[in-house]
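As written, the chains take the letters A, B, C, D, E, F, G, H, I and J, and residue 1 is the first residue of each chain.
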Amino acid sequence: MTGRKEETLTNVTLLGNQGTEYAFSYNPSVLETFDNQHPNRDYFVKFNCPEFTTLCPKTHQPDFATIYISYIPDVKMVESKSLKLYLFSFRNHGDFHEDSVNTIMNDLIQLMDPRYIEVWGKFTPRGGISIDPYCNYGKKETRFEEMANYRLMNHDMYPETITNR
Amino acid sequence: MTGRKEETLTNVTLLGNQGTEYAFSYNPSVLETFDNQHPNRDYFVKFNCPEFTTLCPKTHQPDFATIYISYIPDVKMVESKSLKLYLFSFRNHGDFHEDSVNTIMNDLIQLMDPRYIEVWGKFTPRGGISIDPYCNYGKKETRFEEMANYRLMNHDMYPETITNR
Amino acid sequence: MTGRKEETLTNVTLLGNQGTEYAFSYNPSVLETFDNQHPNRDYFVKFNCPEFTTLCPKTHQPDFATIYISYIPDVKMVESKSLKLYLFSFRNHGDFHEDSVNTIMNDLIQLMDPRYIEVWGKFTPRGGISIDPYCNYGKKETRFEEMANYRLMNHDMYPETITNR
Amino acid sequence: MTGRKEETLTNVTLLGNQGTEYAFSYNPSVLETFDNQHPNRDYFVKFNCPEFTTLCPKTHQPDFATIYISYIPDVKMVESKSLKLYLFSFRNHGDFHEDSVNTIMNDLIQLMDPRYIEVWGKFTPRGGISIDPYCNYGKKETRFEEMANYRLMNHDMYPETITNR
Amino acid sequence: MTGRKEETLTNVTLLGNQGTEYAFSYNPSVLETFDNQHPNRDYFVKFNCPEFTTLCPKTHQPDFATIYISYIPDVKMVESKSLKLYLFSFRNHGDFHEDSVNTIMNDLIQLMDPRYIEVWGKFTPRGGISIDPYCNYGKKETRFEEMANYRLMNHDMYPETITNR
Amino acid sequence: MTGRKEETLTNVTLLGNQGTEYAFSYNPSVLETFDNQHPNRDYFVKFNCPEFTTLCPKTHQPDFATIYISYIPDVKMVESKSLKLYLFSFRNHGDFHEDSVNTIMNDLIQLMDPRYIEVWGKFTPRGGISIDPYCNYGKKETRFEEMANYRLMNHDMYPETITNR
Amino acid sequence: MTGRKEETLTNVTLLGNQGTEYAFSYNPSVLETFDNQHPNRDYFVKFNCPEFTTLCPKTHQPDFATIYISYIPDVKMVESKSLKLYLFSFRNHGDFHEDSVNTIMNDLIQLMDPRYIEVWGKFTPRGGISIDPYCNYGKKETRFEEMANYRLMNHDMYPETITNR
Amino acid sequence: MTGRKEETLTNVTLLGNQGTEYAFSYNPSVLETFDNQHPNRDYFVKFNCPEFTTLCPKTHQPDFATIYISYIPDVKMVESKSLKLYLFSFRNHGDFHEDSVNTIMNDLIQLMDPRYIEVWGKFTPRGGISIDPYCNYGKKETRFEEMANYRLMNHDMYPETITNR
Amino acid sequence: MTGRKEETLTNVTLLGNQGTEYAFSYNPSVLETFDNQHPNRDYFVKFNCPEFTTLCPKTHQPDFATIYISYIPDVKMVESKSLKLYLFSFRNHGDFHEDSVNTIMNDLIQLMDPRYIEVWGKFTPRGGISIDPYCNYGKKETRFEEMANYRLMNHDMYPETITNR
Amino acid sequence: MTGRKEETLTNVTLLGNQGTEYAFSYNPSVLETFDNQHPNRDYFVKFNCPEFTTLCPKTHQPDFATIYISYIPDVKMVESKSLKLYLFSFRNHGDFHEDSVNTIMNDLIQLMDPRYIEVWGKFTPRGGISIDPYCNYGKKETRFEEMANYRLMNHDMYPETITNR
């Protein structure tokens, strides 16, 4: 079979692994990376994650969200199965929506040192109101720092129609 | 449980509180805040509020809207259950659509002193016409003042399709 | 102008009336009727009412629903502006969703003595779950009684997709 | 050009006619027919008419609807341009929604003597409520009379979602 | 390669053929068949044909439709590329919508002698009205004749929403 | 009832008025204004008007459109019921689509002297083509003049999908 | 406040209760009921539950579903907050999709002894395939037993379009 | 963890297995079953399979479809990962759409001996036409044989709108 | 009737004309203009043309597209019925998609000498791929030349979702 | 037939060719070009390719995506049937999503030397997460290099809603 060589994937231990362990408490150490094969090009990778769930820190009731993560890689790229296990580790964790989204972005910056990254959470409603936090980041003293400001300034000028149904 | 510490939530008296009182007249004093844990970052929080209702000041008939509130916090953040009770207090209050949207934004500026905020109301039709007011604000003498002008200039260039059905 | 004669509308006191009073407590007496001009024909009339709101009897928080009412008239037909004022009177009234829908149908049976009627409420969620009660009725010892059983047996075999957004 | 022979269209005076006159008061006499070329087969023809408008008989405000007309022809079929002119003639006419729909069906029965016909009007809201009347008819003492009962019994068990937007 | 044997396709001369000729006048003789390999089973095959166009017999303006054809095969099945060429041959042909749909069904009955067949045309509007004819057929003195009556009786009780946009 | 004071509404004579007269010929004098209560803020008000109808100046056939009007008020604001009556007055008026949209904007500039305004008409098709004119305006020698140029340059780069159905 | 009397709600201990405990292992005992106030009428209640999550019994990866529950009550009705806590108790529980749906229905039959009930789970995909189990039940030796057979025979003849996006 | 016991899954060798082999030629032997735990109840299981691809037997070009499979189990149930591998084995296989759908159903009948089963394929277009075959089956001399006839008679009376885009 | 004066329409010979001739080969000379009545204002006019069809220059099979044309008029404006006849003249014409779109724009520049124009064709797929060419133009040495560059740079950053169904 | 001359198509060997060979391993040499007939104009061509499939390099399971390719041609343009065969050649090829998208763009740059190009892949989910890589390119030392940066900075600020269904 042509394509990706297996030797470029030695850091990837979870993908296709039969005995995957799921962590039931918040665990950023499960994240893994592989090498960007196109480091001379700036390009985007987006993860759509509609199966995110966590708990309210005060009432302990479950919260549900779709998390959208978009980034421009530098040297390292996050492997998607490890990302899945990382997001799973919020399952029994309690945090406000605004904090979860910032935590996810901080952990991915720590892991990959990306050129640019943004995280948008779209939560289901409680008491008739839903909350959608969005944060972003560009590497300091590069043009991506300016890009982060530009994208924040232009963020979500067409809020999607919400009816709670 | 990992996550938000309860001691950061001492101002939050309404969330999870069994004996919540609903105010039947306009009451901005019900709004509560908690501290922004990421004050070094500019990021957005959006509230989708599809259950807003008020009365016409002249005919007293009920009006219904979805209210979209987006802001960039500074030090304080509005707690969502108190926001719900605040919006509830318009239930038997009479105002024009254009005024309700401005009032909500003024009260939230007063409460949180945010870096940036915008409020968009999308009302159901009366007599075959519906009205959607939008206002925004950036903190004076910061780059968010310019951001408010920029977003107003680019506001709603793709009006959603309305058929009144 | 050709069309409906004004003399057939003498019972209709609310439509087009400038000084309409809105009742803030449950009030079925506001309902008015006019005469069916096609009593020899069985036909359906449906009211779509997306602006229904009431209160939870235990927590007093507001509930919102779209109410769909369909009926086959006999001699009398409900006038739509009076129906609007009647539904408004649930605004500060506390009831379970299942009870509101049954109450609306009972009041309309009492008012119009229709051949057939059905009422379906589709409420917004609380705590991640939404509730949609449906009831119907056919006049006893007519073929419409059998019609009610038939429509109940076939009710809602394709539940609409709900995502709480 | 192959296809319909012009000599089968001698009754069709309006289609393609440059000097069409529009009637500004209700005028069923404008309706024209042509001959059904498949009288040995029962088949349906549906007209979708989203540009119907009339006036309220009491307040004189304009009303708008989409009218859906479906029928099984017998000997005569209604020509679509004459149908358009007929529906135009309601433009300055005042009637309740329930009456308009019955009137349209009565006029088409009178014109075509169809085996089966049904008319469904879906109107835009007034005061937060929209009204959708539906009537049907099957030729007496044929199996189409039973068909009309059957279709009424099964009518609209999945009301379309209405949000008034 | 496993699968269909080439020797079962000897009648199929058009599929994959480089020098296909397109007929510019109505030409049912272009239709080809292949053998049903599951004649002991009653099953449906549907063709979705959104690229149908013909001419008005009176004004010669072009008409456009999506044609839906569903049938239960008996011994022969229509080959899809020949169906495409057949539908193409209406391109410069003039006929009323009601006639086109009946003609297509008649030609396919003649070709395949199917157990059951139905054809539904959904045309774009002219003068604000669109027309959607539907016809069907079941083989005489089989249970498919009754099936055709049953499906006609239940036809299109939920007309799709049309806005002309 | 808290909210808008009645004394700020003395110019508003039509809202809630029982004996409203509908003008059957083009009549901009029916338009009324009330005072902007937030003149120190630039904000948008949008009217969605899906019930606009006029006549073709050459064939006299009816035309239908949804009109979207967005503006930034200066001192005066148009009252919505008077806007409804104004748009009604095009009902028996003959004009090209491009002219209607320009006329509406000119009349509203004349009435309110707004900081910025734009009008977009989306008409239903005739002969398979629909026309959507858009015009805008910013007050001369203010930054809103530049805003008008900017919004024209960026206008409608994502045309909505049209199928004529 | 008019409406439901508090004394009819003595069994309802969870609704509006501040200190709700969430069970992290499967726990049907958390379910509570209240009395049906319309026992002489057959009517439907539907719960839409888009926030259901459980674990795969073999790989322990999380599964997500929307659960639709519809029933005709007899004497008792399930209270919705207790239903929420019950569904929460599947959060760390491992089961096949087909078993979860049957278990939920069995527990609700045990709890309420309803006249009729059905449960439909629509799960998100794993490996490109999603699974949607559906079961139903009618009380033995009543007409609801026949109703269950009838609804099974007619179940889901129009599968919703799935694209995995 | 509560839930399914591992000992009921001894036949399930592929689910969660790291070294899964993909068969590149048609291979029904890869299918595996597990035991139905609710054999006293008739209930439906549906598989949504939007990632089906095969080859044209004549031109060898790839074809793509969404396959919907619904069945009522008897003693055995097909395991979903083995179903995925089975459908994968059509990847380089050549067959007409009508044959693929019948083959899939025949193989699943052979495997599970279900009470009832149906398979619907919805293919992407070639030359402007798409083909959607549907077949079904009920166990001989049970009420499910009659159910298969009933569902065929009622099949797809509302064809989904297709635009080829 | 108020509105457009007939004397401004003397160039308009096709609109409302009974004996319209349809050209079966490519014919730009059929295009007609009328005078812009608002030449001091820059504004947009968009034509939505979902009924465009042409032939493949190599295989002669028919191609179908929706054509979107937007322009800012200078002195002359294209009359819509003549545009319809012009687009009809591609019906039996053979060209690549990229060429048709450029040809249409070139002919309209030649006809109207507009300030700005753009043409976007969205074709139906052949062999699983669809092609959507887009071109634009601004009058040389005006700010509209820069506008054309700007709009090309920003073109279609959100490609519509295509599934070929 | 008017239109494209056959002599401009001498490089086009695959379009309309009966005996097309499909390559089962990655093969960029199958790509063919034809000459741009509008080289003095900058314009876009977009290919929508919803039938892309490849294999995971580690697990060998199939992956599916819709690929969107947009470019501004210089001298050469890619012929669409050869593009189809090229994309087919990924069918049994193993690569990460991020690599496939970059490879496609690199091969098309090599083939056509376009002024600008971008490629966006939208893949179906694995384990609850889907991945959508996007890359772009502008010819070095032209304004299209800057255009690539600009479009990357503005990329996908409105991620489409993903529910995995």
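Basically, a contact is a pair of C-beta atoms (placed from the backbone, for glycine too) under 8 Å apart; a residue touches a chain by one contact, two chains touch by 3 or more.
To keep track of the chains, here are their UniProt names: A, B, C, D, E, F, G, H, I, J = NADPH-dependent 7-cyano-7-deazaguanine reductase.
This is a predicted model, so every value here is computed, not measured.
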B-D or D-E - the one linked by more C-beta pairs in contact: D-E
Interface numbering overlap (same over half, different under half) for chain G and chain J: same
Superposing rotation of chain C relative to chain E, computed on C-alpha atoms, to nearest 5°: 145
Length of the line joining the C-alpha centres of chain A and chain I, rounded to whole Å: 44
Whole-Å separation of chain centres (CA-atom averages), chain A against chain J: 27
Averaged-CA centre spacing for the pair chain C and chain B, given as whole angstrom: 32
Residue list for chain B, restricted to those that touch at least two other chains: 16, 50-51, 55, 59-62, 64, 92, 124-128, 130, 154-156, 158, 160-165
Parts of chain B lying in touch with chain F, wherever the complex brings them together: 25-26, 54-60, 92-96, 98-99, 101-102, 125-137, 149, 152-159, 161-164
Residue ranges of chain H touching chain J (in the complex, touch as defined): 20, 22, 24, 50-51, 53, 55, 59-62, 64, 88, 91-92, 124
Residue ranges of chain F touching chain B (in the complex, touch as defined): 1-4, 6, 9, 12, 15-16, 37-38, 41-51, 66, 68, 70, 72, 77, 80-81, 83-84, 120, 147, 150-151, 154-156, 158, 160
Footprint of chain F on chain E - complex, ascending: 61-62, 64, 122, 124-128, 130, 160, 162-165
